[in-house]
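Presented below is the structure to which this report refers.
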C-alpha cells in the first residue's frame, strides 16, 4: 500500500465520512439544543421525556422520521421532488468540509490539516459557489411539489438567497482584504500575525455577514421561505418522512457552516483569544478544535436567541433590507477596510479601535439619555373620555 | 375598490398588459386548516405573486346552530350555550345574555353582583386580550410572547376556576345576578395578580412595541379609517384604533361602569399597529377597573348576589336588545320573547362576525404575510363567527 | 426613536434583553402526568350521585340544557306503609356533558344529591360509548373507568346554600 | 353514604318547570305586543327622549312586566313619517327601546333618510323572526345606532314574506347580516350583491331557523340524493361498509 493511496484515498474518505456523520449528528443534537434553549428562553422546559433532559429526543425523532411514510403528492415531479432535499443537503456538507477545524493533525501516519478537503487556496470562492447551489434545492422542492404554498416558499427563497449572497460576498471580501488570501488557513494565520481578530476592524463586515447568514439559512427573523404562519411550511410543506428530515438536517448544517465560516473569518478560527499575548498561553490546554467548536456553538446559541426574540420580516421588507440597507453598507465598509488594509496591520488596529470606540460611545450616549416614553403611555396622554 | 386600501399597497401597482401565459392571478386556498386562521376560517385568495388581489372569506365550518338551540331552551338554560360562542371570553357572553333578559324582565341586580360581574368581565377582557397578543405575535413570527402571556392567562383562569368551577366555559352569570358568591380570599388573590401585571405588560411591549420588525410589519397594514369602520359596522378595538372613542361601557353604560374611572384608548392611523397599541392600553385600563372593583368589594362586604327573580322566568312579550363591550367589540343579544318560558328568537350580534366582514377590504393589495397580520389584529374567534 | 437608537439597533437589543432575562427563570410549566394542579373546591368535574338522598324530583334532568340526564322511578310501599320513590334509572350521557353545573344548582336536597365538585377530571377512555354513558350504578360507585382525585372524598357533596339559612 | 340525611321536606313542586321541555315555544302567530292601542298613559312614556338606554329599564318590576307605549309622537318618528310618507306604520316604545314598524316597500327609503338626515350611520344588527302562521311570515328587524344623536338607538321592523328589499346599498355591513338571514330564514333580499348561503353549506336544503325546521336537523345527504342515502344517514343499504349495530 503506497503512501499516496493513503494520502489521496483513505484519508480524504475518512475525513469526508466524518464530516457527513458530523453534520447529521450535530444537526440532530442541535435540534435538541434548540428546543431546550428555546424552552429556557420561554420559561418552559422543552423536551424532557426521552433520556436525561430529553437528550435522546433527537434520536427518537430520527427513528420516527425514518419509519414515517414518505408521502409524495400525486402529481408531483417525482424525480425532482427527490432531488430537492439532496441538492440542499450536499452543499451544506461540502461547505463544512472546506472549513478548517484545527491545525494539522496526523492521521494514519499522514500529516494532514484537520480539514475535510484540502486547504484550497480558493476555498472562500468555492464556498460561495457551492453554498449558492443550495437555493436550487429549495426552488426545485417548492416547484416539484405541485402545490401552491411550497411554490410561494420556493420563490421567496430564490429571491431571498440570491439577494443576500451579495452583501454576504462583500462582507467576505472585507475579510479577504484584511488577510490578503482566499485560503481559510491563511486567513486564520493572518489574524495571528495581525495580532487581532478581524472582528474588530471588520465589525461591520461581521455584522453584515452574520445577518446575511441568518437570511441564508432561512432562520428567524428571515424565515420567510418556511414562514409557518403564512405559508404553512413553505417549500417543505409537501415533504414528509426522511426527505423532510434531510431538509431539516441541511438547515442545521447550514447554520453550522455559517457559524464556522464566521468563526474562521472574524474570530480567528481555532486560535485561542489573543494568540500573541504570551501570558494567556495557559489557554492552550484547550485543544484548538475545541476553541473552534466552542465559538461555532456560541453562534448557534445566538441563532436560537434570535429565534426566540424576533418577529418575521415581510417579503418585500426583507428584499428592501438586503438591497437598500445591507448592500450599500457593505460597499462602504469594503472601501473603509480597503483603506485600512492598505495601511497595513497598524491600519487594521486603528480601524478596529475606532469602530469599537464608536459603538461603545453610542451605547453610552443612548444609555444616558432619559428613558423614552413607551408608546402606550403616549396614547394614554391622548386619551379621550366619552361620558354618556 | 382600490381606493379603500391605502398602506403599502401603493408600492405594488397592478401589472399592466395582458397576463403572461394567463398566470397573473393564482387562486390560493387559505384555510380552513391553516396555522394562522385562528380556527376554521377559510379564505379564497386571488393572489398576483404574493399580492392579494381579492380575498373572499368562506365561513360556517364551525356552525353549530346555537341560535336554533336557544329557542329550545328555557331562559336559564341558555347561559351555558352562550359560553361556547366566543370561547375565550365567555364571561362577557354570559353577561350580554343575562342583560337582555334582565332588561325585559325589569330585574334589579344587586350592586355587589354588578361589581362582581364587571370584575369578571374585565378579567376576561385581560385574558382575551392577552391571548390575542400571544396569537397575533405568533402570526407575525414572534413565538416567545405566546409563552410569556400564558402566565397571565393561566392565573386568570385559575381565579375563574376558583370562583365558578370552570376555566374556560364559565357559565358564571345568572339571570338576576350570579350563581355563587365569592370564595373567601379570592379578592386578595385577584389583587396579587394585578401587582406584577403592569410590569409584565411592559415586558411584552419591550419585545414588540418599539421593535423595528414589528413596526414594519404592522404600521400601515390593513388600514380602515373611521368612516369605513362605521360603514362596515366595526366595533371594539378596531374602531377605536381608527380614532373613534366609542366604547359601549361609556356610550351605553351598563352595570356599574358609570361609577368606574377608566380611559378609552384610541389610535390614530387605523392600522394594525394602532390596534395592537389600543389593545395593550386596554390591558392597563382593565387592570385599573379591576382594582376599583376590588376596592369597592372589599369596602362593601355582603352576600347579596341575586336580585328578585321569579322562579319561572317568563319575560313579557316584546323585543329587547342589550349589548356589552366584549373584548372583540359590541356583543349584543337581540331577544324576541313571546311570553313563554323560552326565547322565541334570540339573535346574537357577534362582533367577530361583523368585523370579519371587512377583511377583504383591509387585506386587499397587501401581501400574504400582511393578511396574517390583519386577521390577527381583527381578533376573530370562529366559534363566534359561525355560532 | 432617534437616529442613534436606530443605528445602534437599540430596539433589537431591548428584545434580546427581555428573552435573555427570562433564561434564568424557572420554567413556569408543570409536568402533567406526574404533577398536576389541584382543582379548586368548586371545580366542575366528574359526576357523583347519592341515590339515597335523591328525591327523584327530576329537576336536574329538566334543567339540563342538552337533556343528557334520564331518570325513571317507581313508587314502592315501605314496611311502615309509606309510599316511597325508588330510582329505576339514572342515566347520564357523560360524553355530551358540557359541565355547566346547572343540574347541581337545580338539586333541591341539602347536601346535593348530584354534584360535580369531585375534582376528578381525568375522564379519557378508549370506548366512548360504553364508558361514558353512565347509569346509576356507575354514578354512585365509580368503577375502574373513573379514578377519583387523590385525597378527595368523592362522596363529600357540597352544601346547598339555598337551604343553609 | 350519609344514609339518613333528611330529604328536604318540601318536595319542590315540579309542575311549572317540568312542563318546560315538553311545551314547544309558543308559536302563537300573534305578531307583536300591540302597542296598547291608543296613546298610552303618558307617565311611562316620560323616558322617551332619553338618549341612552339604561341598563335596567325604568319600569317597575311588576309581575305584569313592562308594557309597550306608543311612540309615534316622538320627533324622530314624526320626522321619518314626514320625510318618507307612508313608511311608518306604527311606532312604540318598550323597555326603553323605540321600535318603528316600517312598510317593507319603503324600507330602503326610510333607511336612507335615517342614515343621511338623522345620522344613524351604524347598523348594529339585522335579523329576522319567523312567525310561522302569520301571513307576511317574517319580521325583519334592523337596529340602528346614531353617534351624533347622543348614542340613540332605533329599531325598524318590517313584516315581509319571502322577499325583502336589501339595505346593503345603505350600510355595507348589512351584507353578511342579510346573507345570514337568507341562509337561516330563506328571506330573499332584492338588490343584494351576493346573496349566497353563509353559515351552512351551499347545497344545504331548507332554512334552519324557520320554526318548521326540526331542531335535530335534517339528513341533508338524504335530502339531496335520496337514492343514495338511507334514512338516518350513513352508508347505503347495499353498501358493504354498512354495519348494523344492535
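Letters A, B, C and D mark the chains as written, and numbering starts fresh at 1 in each.
Here, contacts are C-beta pairs under 8 Å (C-beta built on N, C-alpha and C of every residue); 3 or more make two chains touch, one makes a residue touch a chain.
Being a predicted model, the structure only gives us computed values, none of them experimental.
Among the pairs B-D and A-C, the greater number of C-beta contacts is found at B-D. Among the chains present, the centre nearest to the common Cα mean is that of B.
Between the CA-based centres of chain B and chain D the separation comes to 23 Å, rounded to the whole angstrom. As a whole-number value, the distance joining the C-alpha centres of chain A and chain C reads 51 Å. Taking the mean of the C-alpha atoms as each chain's centre, chain A and chain D sit 62 Å apart.
We define each chain's centre as the mean of its Cα atoms; on that basis chain B and chain C are separated by 27 Å.
Counting partner chains per residue, chain D has residues 17, 20, 52, 151 touching two or more of them.
Listed for chain A are residues 41-44, 308-310, 372, 388, each touching two or more other chains.
Within chain C, contacts with two or more other chains are made by residues 1, 12, 15, 18-19, 22, 28, 63. Chain contact summary for the complex, chain C toward chain B: residues 1, 6, 11-12, 14-15, 17-19, 22, 28, 37, 39-44, 63-65, 98-102, 105, 116-117, 161. Note for the complex: chain B touches chain C at residues 73, 76-81, 83-84, 144, 147-148, 150-151, 154, 158, 161-166, 169, 171, 179-181, 183, 203, 206-208, 210-212. Those residues of chain A that touch chain B in the complex are listed here as 38, 41-44, 148-149, 152, 155-156, 220-221, 223-224, 227-232, 307-317, 372, 374-376, 379-380, 382-388. Interface residues of chain B facing chain A in the complex, by the touch rule stated above, are 8, 11-12, 26, 28-29, 34-36, 49-50, 137-144, 146-148, 151, 202, 205, 207-211, 213-214, 216-217, 245-247, 250-253, 258, 263-268, 277-278, 280-281, 284, 367-372. Residues of chain A touching chain C in their complex: 39-45, 48, 305-306, 308-310, 359, 362-363, 365-366, 369, 372.
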